[in-house]
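Each of the two complexes below includes subunit A, the first together with subunit B, the second together with subunit C.
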Partner chain A sequence: MTTSNLLIRITLMMGLTLSLSACWDNRPINDRMLVLSMGFDPAHKAHQYQVTFQAPTPSATASSDAGGGSSGSSGMEVFDVKGTGPDLAATFSQAQAQVSKDLFLGQLILLAISTKLPPGELASIMNSLTRIGTLDKTPFVIATNQSATQVLEHTSPQARFPCFYFLTLFSCPTCQTDSLGVRLWQFLSREATPGVDAFLPVVSTAPQGFTTDTVALYRKYRYVTTLSPKETQIFGILEGISHKANFYFPRWQADIRAVSGGSHLSTAVIHGKVHATINLRLTATLASIGSVTEDAQELSMVAQAASKRITDDARRLIKKTQALDVDPLGIGRMLSWQHPRSYAQYLPWHQEYPKVDVTVHCTVTINKMGDIK
Partner chain B sequence: MGWFDIFRRRSDRKDPPSSTQTVLDHKAPTSRNEAIDHAVETVNSATTAQETLKIILDLHLNVLRDLISETQTFQKRLEAFTQDLETRLSLNTFSGQVDAAYDRLKNTIGQSPDIILRRFYIGRKQQIPALLVCEDGLSDNQMIDQDTIYLLQRFENVQSLKENPAIAHQIVHDSVVSIGHATVETQWSKLLIDVMGGNTLVFIDGCLEVLVLDTVKYPARAIEQPTTERAVKGPQESFNEVILTQMNLIRRRIKGPALSFEPLVMGELSNTSIIVAHVQGVANPAIVLAVKERLASLTLANVEYGNELSSVLSDNPSSLFPQVRFSERADIIARDLALGKVAILVDNTPYAMTVPSTFMDFYQTTDDYTGSFWEGSLQRLIRFIGLFIGLLMPPLYVALISVDPELLPTRLVITIEASRLGIPFPPIFEVIIMWTIIEILREAAIRLPKGLSTTLGTVGAIVVGTAVVKAAIVSDLMIVIITLTALGLFTSPVYSMATPWRVLFWFVIIASYFFGTYGIILAVVGIIAHLASLENFNVPYFSPFGPLNLRDLKDSMVRFPYSAFKKRPAYLATVNPVQRTEPQRTPMPHPPMVSMQRERLDDDV
Partner chain C sequence: MSTTMKNHVPRLTGLQFATMITSGYVALGLFYFPREAITAAHRSAPWSILLDGLVTFALMHLLFRMNRLAPHLPLSSLSPLLFGRPIAFVLSLYAMVYHLLLAIAVVVLFSFVLGNIFLPDTPIWAIDAAMVATALYMAWHGTVGLGRTIQAVYIPVALLSMLTFLATVSLIRYPILLLPSSHVAVWPVLIGAERQYATFLGFELMVTLYPEIAPDQRPRAEHYTYLGLALVLTMFLIMYEIIISSFGPALTAQLRWPIVSMMRILSVSGFFIDKFGLLVVVLWTILITSFLSVRLWCLGQDATALLPGKHPTSFRLVLLVGAFIVVVSGIALPNAKIVDLLMERYLIPFGLAYLITVPSLVLLAATLRRSTVKRIQTESSSSP
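Presenting the complex of A and B:
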C-alpha cells in the first residue's frame, strides 16, 4: 500500500468515524433541561394524553445539595411543562417549544402514570419510551389514582425534588414494608412476558408527602384494580418482596413484625388441571405480647396463628385475582417454564388462570424475640 | 573575496625565483626565445603581485596583520610537516625531533590558550631536550609538576637515554615518572585526542615513541543526591558528568570480574567516551552485540547528550513511549546490569541508559525494593491508580458532562450542573484552559531558581485556581479534577515516562469530546495496542503483560517477596536465568541463652 493510499484510507476512516459520532449535538449539562419526572394523564380529547415534563429550576439546582432534604425555601423548586397529543413525540415538541434549553430525558427518574389512562395510550407511551436512545429504562414507574401531574407537583419535606423522594424510597428495598419499586424495564418485561401481569406501586399524596402502600394491577396495559394496603402486604409476602409486614393477634395481644422470607412457586398439571403451590417460609420478630414472660408453647401458637392467617389471606387474594382474571404472581409464567408443552395447551392463559387450583403453605418462625430490626 | 580565496591564490601562484637563482638564470639564457619567456613570466608575476597588492590594500589593517600571522603560522606548520616527512615519510607519525614536534603543536593546537607546551631538558649534567604537552584545567598540575617534570629534570642517568634512544621512553616510564598509568603512542591523530582528554604527552628528543601520562583530573561535581529519582530508604548516590565516576559507582556495586566495560569513542568533533557495560555470563550476548553494532553504525559530529544515542537504541524511535531507560541512580543501573540488561554510559551525561527496557521498568523505583513487598506493591498500585486518574479523569468529565450525561447518577448530575451554572465555556475548554495553566506553572517552576519556583508554584496554583473559579471561567469541580490529573500524571517515577501521558492526555480528551465514553475506550484500546506492538532488541515492550508471562508478573503491578524472584526476567533471555536460591530452612536449635536464663531463674528460686 502506497503512502498516499494509506493517507486516503486513514482520512476516510476518520471522516466516517467523525460523521458517526455524536459530537455534533453534544451539549454541556447546564445547557440542557434535565427532565427528572414525567407524568401521564388522560386528555380531554379521545386518543390523546397529557404529558408533564418536570425539571428543577436553575435556582433550585444552584442551591441544591441534591441528596439532602428539603431546604424549606419558599422559591419554586421544580417547574412543569406540559404537552398534549396523540403520541409522545407530539407532546415532546409542545414542551420543547416552551423552554429555552434542550429537553433531556437521559436523567429521567420517575414516570407517574394515572390509572385512568386508557390501555391504548399507555401502550403507546411505553412503546415510545423504549425508543428514546438516552433513556436507559431504569426510571421508577408509579401509578396514581389521582392526577399524575398533581402527584408530581406535590412536595415532601423529605426531599427537595419529588422524584428524589421516590428515588430514595425505591432504592432501598429493605427500607419499605414491601419493596414495591418497579423500574421501567421490569414493567415492560412483565407486560411482554406471557403468563404474568404487571403491577405498579400506587402513590397518593398525603399532607406530609406521599403514601405508598398499595399496588395497582395491570393486564396488558389495562388498569384492573388497586389492592388494599392489607392485600398489598400479603401480595408482598407472596412475591417475596415483603420486609416489614406486621400482624396483630388480639387473642395473645401479640404483635409480630418484620415478616419476611422466601416464596417458592411451583406448578403441576394433574389430570388436565393446573395446580399451583406456593410455599412461604417466613421469619418474624415478636414486637410485643400480652404475657411478659412468654414461653415456647405460646410462641408456637402465635406462629401457627400467623401462618394460618397469612395462608387464609393469601388464598383470598389469589381468589380475587382469579376473579379479576389478572395473574400478578406469574403462575402462568412458572407453568411455561416448568411445563412448556402443557402451557401451550392453555393459551390464552387468562381464560385458564381462574381455574387454577392454588395451594398455599406457610410456615412462620418467630426466631428473634423482641429484637428490634 | 574571502580569506580562503586570497590564501588559495597565493598558494596557487608560483613562487618567485630566489635572488641567487635569478642571477644564475640571467646568466644562463643564451637564446632570444628564452629571454622572451622570462620576460613574459616576470610580467605575469608582476601582474599577479599587483592584483594581490590591490586586494590587500582594500583590506583593513588588522585583517592584514592577521593574514601575515596566519601565513607565518602556516609556513611553520609546513616546515614541521616537512621535517616529519623527511624522517618518517608520514605526516601522522612523530619524527622523534622535539623541535619539529614543538613547531607542529605550537602552530596547530598550541594556538589555543588552554594548551600548555613546555620545553625542558631531561637530566642535570647531561641534558636531552624534551617537550611536555598538556591541557590546562583537565590535567592534574601536581602530577605534572612533581611527578613528571621535577623527576625528569633531576634524572641522573641521562647517558642511558642517549645510548638507547629507541627505548628511552621505556626507561623514563620504568625509572623516572611516578604516574600510575602511562602508555606509549606514535600517531599524531591519537596523540592530539589524548592531550585533549587531559592526558600529558612527553616527547623525548631522538625517541620515536611518545609517553602518554594519565594525568586526567576533570573538574567534576561531587556525587550528590538524586534529584529526579528520589528514594526514601535507598542509596542516595547519583551519577555526575564524569564517565569514570559513573563506572566507579557501578563497579562498587558489582565488584566481580564479570562486569565488563567496553569503551567506544563517538563524535568526530567531540570524541566523546562511551561505555557499554554488561555482566558477562548473565546478559544475552546477542543483545550486547546488537547494542555495540548499533552504536558503531551511528556517525555523529558531536555527542553532547546521551539522548542523542537513544534513537539508535530504540526500534521505534518515533514512538511516544521511551524505550531506553535513563537513570541517574547508580543502584538502579547496577540492578539492571545484574538482571541481564546492557548499560550505556556517556561522558558528560549524568544519566546512564539501560536497554532493553520495558514499560514496567519505568514504574519500578528503588523504594519498591528497599521496603517490604507490601510497601512496594502498594506504592506501585498507587502509581498506576494515579496514572489512570490522571489520564482518564478529565476525559471522563468531558464525556459524561457533554456527550453521555445519562450515564451519571442523577444526584451527581445535579451537583455538577450546579457547579457549572454561569460557566460560559464547554467542559473541553475548561480542561484546555486549566491544563494550559498547569503546564505553564510546571514549565516556570522548572526554569526558575529553586526557592522561587516553590513559592511561585504554590502561590500561582492557589491564586490562579481561586481566581479562575471566582471569575466563573472554570467550575470548582474542574479545579479538583485538574489537580488530581496533574498529580496523577506525574506519579511515574521516571520523568521521561510522564511526557507520553501528557501528550496522550490530549488524544484521549479529543476522543472523549467527539465520541464520549466510547471514544475513551477506543483511545485506551489504541494506546494498549500500540504498547503491545512495540519491541526493542526483540524484547516485547509490554512484557510481562503482552505476551503474558506469569513468572515475570511477580515484579509488575505488585511486587512479590524476594523469595519469589528465583529467576531473572524471562523476556531478557539471560545466559544464566537463576539469580536466587533459597536455603532450606531447618528448625533452629534451642539457643543456649534460654537455658542459661532458665538456670539462673532456677537458682533464684
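Presenting the complex of A and C:
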C-alpha cells in the first residue's frame, strides 16, 4: 500500500469514526436542566392540567448523592418550574420559557399524579409521555390524594431529592410491606390490556417524609378509589407482592409477620358463569405469642386463623372491587388468556366482572418461630 | 472484485459465508419484532414465527439447489445461459432493486430508532449518511475483506445481544403467556407470518454470494447457514416469549419497536453502565452496517455482471451510486410509519415473490435444459 493510499484510508477512518460519534447531539451537562420528577395536577380551567417539572439546583447536582444526605440544611436542593395547558407540549413550552437551560426529560425518575386528574387528561399525559423518545418507560409512577406539586416539594431527611426517596423505596421490593412500585411501562401495560385495571401506590406527606401504604385503583385512566392500608395489605397478598404483611390474633396474643407467598389465579366458565379461583400459599413468621414456648397445636390454630382471616378479608376486598366495577386482580385478563373465546362473550368485561363467582383458598404456614423452643 | 474477473479465486470460508447471510436478514425485522406477528395472530404468534422459519428453511434449500447447478457462477451469469439475455436482464434488475429496497428499509428504520431515542437533535440524513458511508467503506475492498470484517464484528455483537436479551428474563411477569394459545386460528397465523416475514427477507443474497465460497468450503457453508437459521429462529422465539410475558400482548402490539423498548427497560444494577440494554442497542449499528455492506456488495456484483468490462472501478462506481440512492431515499421517507406501510404492502410481497419465483424458474429451466446445464458444469470443471 502506498503512502498516499494509507493517508486516504486513515483520513476516511477518522472521518467515519467522527461521523459515528453522534457529536451533533453533544450538549454539555451544564447546558441541561435534568428533570428528575414531574407532577400532574388538574388546572382551574376545564380540559387543562398543570405540570410541575422538578430539577435539582446546579449546586445540588454538583454534589448529588442518591444514597443519602439530608435536605434543608444547605438551602434549596430542587426547584420547580410549572406550566399549564391542554397538552404536555404546551406545558413544556411554558416551563422551558422560564429556565435558561435545555429542559431534558430523558432522566426522569418519578411521575406524581393527582387522583383528581380527569381521565381524559391522564390518558393524554400518558400518551404524550410515551412519545418522548429520550424518555424510557422506567420512571416510577405514584398517585396522591393531595396536590402532586405539594408531594414533590415535600422533603424527607432520608433522601436529598424527593424522587430519590421513591427510587430507593421502590427499587427494593422487600423493603416495603407490599412491593407497590409501579413503573410507567407497567402502568401502561395494565391500561392497554383488556380485563385488568391499573393501580398506583398512593403517597401522602408525613412530618418525617412520606407515607406509602395504600393504593389507588384506576379504571381506564379514571381514578376509582383508594384502598385503606389494611385492604392494601390484602391486595398485596392477592397480587403476590406482599413481603411484610402482619396480622394479630388476640385469642392467642399472637402476632405473625412477613406474610408472603405466591398467588395463583385461574378461571373457568361453568354453565355460562365465570368462576375465578385464587390460591394463596403463604408463609409467615411468628412474631410473638402469649405463651413463652408455643406448642404445635397452638401454631396450627394460629395458622388456620390466619388463613381464615386472609380468606375473609380477601373476599371482602374482591366484593368491594366488584361493587366498584374495577378489576385490579386481572380476572378478566386471565379469562382472556385461558379461555379467549369465552372472554369474547363477556364483553364489555366491566359489566360481567361484578357477577364473577370468586373463590379464595388460602393456606398459611408458619415456618419461622424465632430462637425460643 | 467481480466473480467473473480473471484469476478470481473464491476464498470465503463456510463460516464467513454463513455470517454474511445471517447478517443479511436478521437486522431488518429486528426492531419491530414481534409486533406484527402479535398484532395479527395474538398469542398464536409463535406459530407465525415458526412458520416463517420453516418457509425460510424451504426457500434456502431451494436456493442452495439452484446454486449447486453451477456453483462457480452467480445468477447474473447463469440466467442468460438458461433464459436468454432479456429475461436474465429482468431477473438481475429485480435482484438489484431488491437489494436497494432492503438497504433503504433498514437504513430508514434504524435511523428513526437512533433519531427518536438517542440523537433527537441530529438530522436523519446525517445518521443515514454516516451508516451508509461506513457500510460503503466495508464493502469497498471486496468479498474477503467484507467477510472477515463481518465475521469479526458481527458474531461478538450478536452473542452480546443474545446474552443481554437473556438477562431480560427477570422482567417476565406473566409466565402463563409463555405457552402459545391452544386456540389456533389458521388465517391470523398466516397473516402474522406474512407481515413478520421481513425478519427473514434478506437471505436472497446467498444467490450472489455462493460462487465466492472456496469450493471445499461449500458443504460446510450450507451447513452453517442452516445452523445460523436455527439459531436465529431459536433466539427470535426466546425474544418473543420474553417480550410477550413481560409487556403482555396488548402493550406489545402498541409498541413501535418492542425489542428496543425491552432493551431500554433492562437495568443491570451494580454494573458500571446502569442502562446496559441501551448500550447494546447502540452496538446494533454494527449489525446494521453489516447488513448494509453486504447489500451494497451484492448490488455491486449484480450490476457489474450486466456491465461490459468487469473492471473493479465499475464495481466501486456502482457501490457509490447505490449508497447515494440509499441515502437520498432514506431522507425522502418522512417517518417510520410510512416505512412500516411500504414494507407491509410492497417490500414483503416483492421479496417473497423473488424468493419463490426465481429458484423455481431456474430449477424448472434446468430440468428442461439438462444439456445446457451439463455443458455449463463441464466448462466450469475444465476451467482453471
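Here is the rule we use: the second predicted complex is superposed on the first by the 342 of 373 C-alpha atoms of A that agree within 3 Å, B and C clash if a C-alpha of one lies under 4 Å from a C-alpha of the other, contacts with A are read in each partner's own complex, and residues count from 1 in each chain.
Please note the rule applied: contacts are C-beta pairs under 8 Å (C-beta built on N, C-alpha and C of every residue); 3 or more make two chains touch, one makes a residue touch a chain.
Small disclaimer: the values here were computed from a predicted structure and weren't measured.
Of the two partner chains placed by superposition, A:8 touches none, neither subunit B nor subunit C. When the two complexes are overlaid on their common chain A, residue A:136 makes contact with subunit B and with subunit C alike.
Of the two partner chains, subunit B is the only one touched by A:109; subunit C is not.
Applying the stated contact rule after C-alpha superposition, one finds that A:341 touches subunit C and leaves subunit B untouched.
By the touch criterion stated above, A:167 is placed in contact with subunit B alone, subunit C being left untouched. When the two structures are aligned on the shared chain, A:206 is found in touch with neither subunit B nor subunit C. Of the two partner chains, neither subunit B nor subunit C is touched by A:97. By the touch criterion defined above, A:61 reaches subunit B but does not reach subunit C. When the two complexes are overlaid on their common chain A, residue A:36 makes contact with subunit B while staying clear of subunit C. Residue overlap on subunit A between its contacts with subunit B in one complex and with subunit C in the other: 22, 27, 134, 136.
Note for the complex: subunit B touches subunit A at residues 401-403, 405-406, 408, 410-418, 420-421, 423, 426-427, 513-516, 519. Contacts from subunit C toward subunit A in the complex involve residues 42-43, 115-123, 126, 129-130, 133-134, 137, 173-174, 176-177, 181, 183, 247-251, 254, 261, 264-265, 267, 269, 275, 278, 285. Contact residues on subunit A toward subunit B in their complex (touch as defined above): 17-18, 21-23, 26-30, 32, 34, 36, 56, 58, 61-64, 66-67, 104, 106-107, 109, 134-136, 163-164, 167.
Residue ranges of subunit A in contact with subunit C, taken from their complex: 12-13, 15-16, 19-20, 22, 24-25, 27, 133-134, 136-138, 171, 183, 185-186, 188-189, 192-194, 333-334, 337-338, 340-341.
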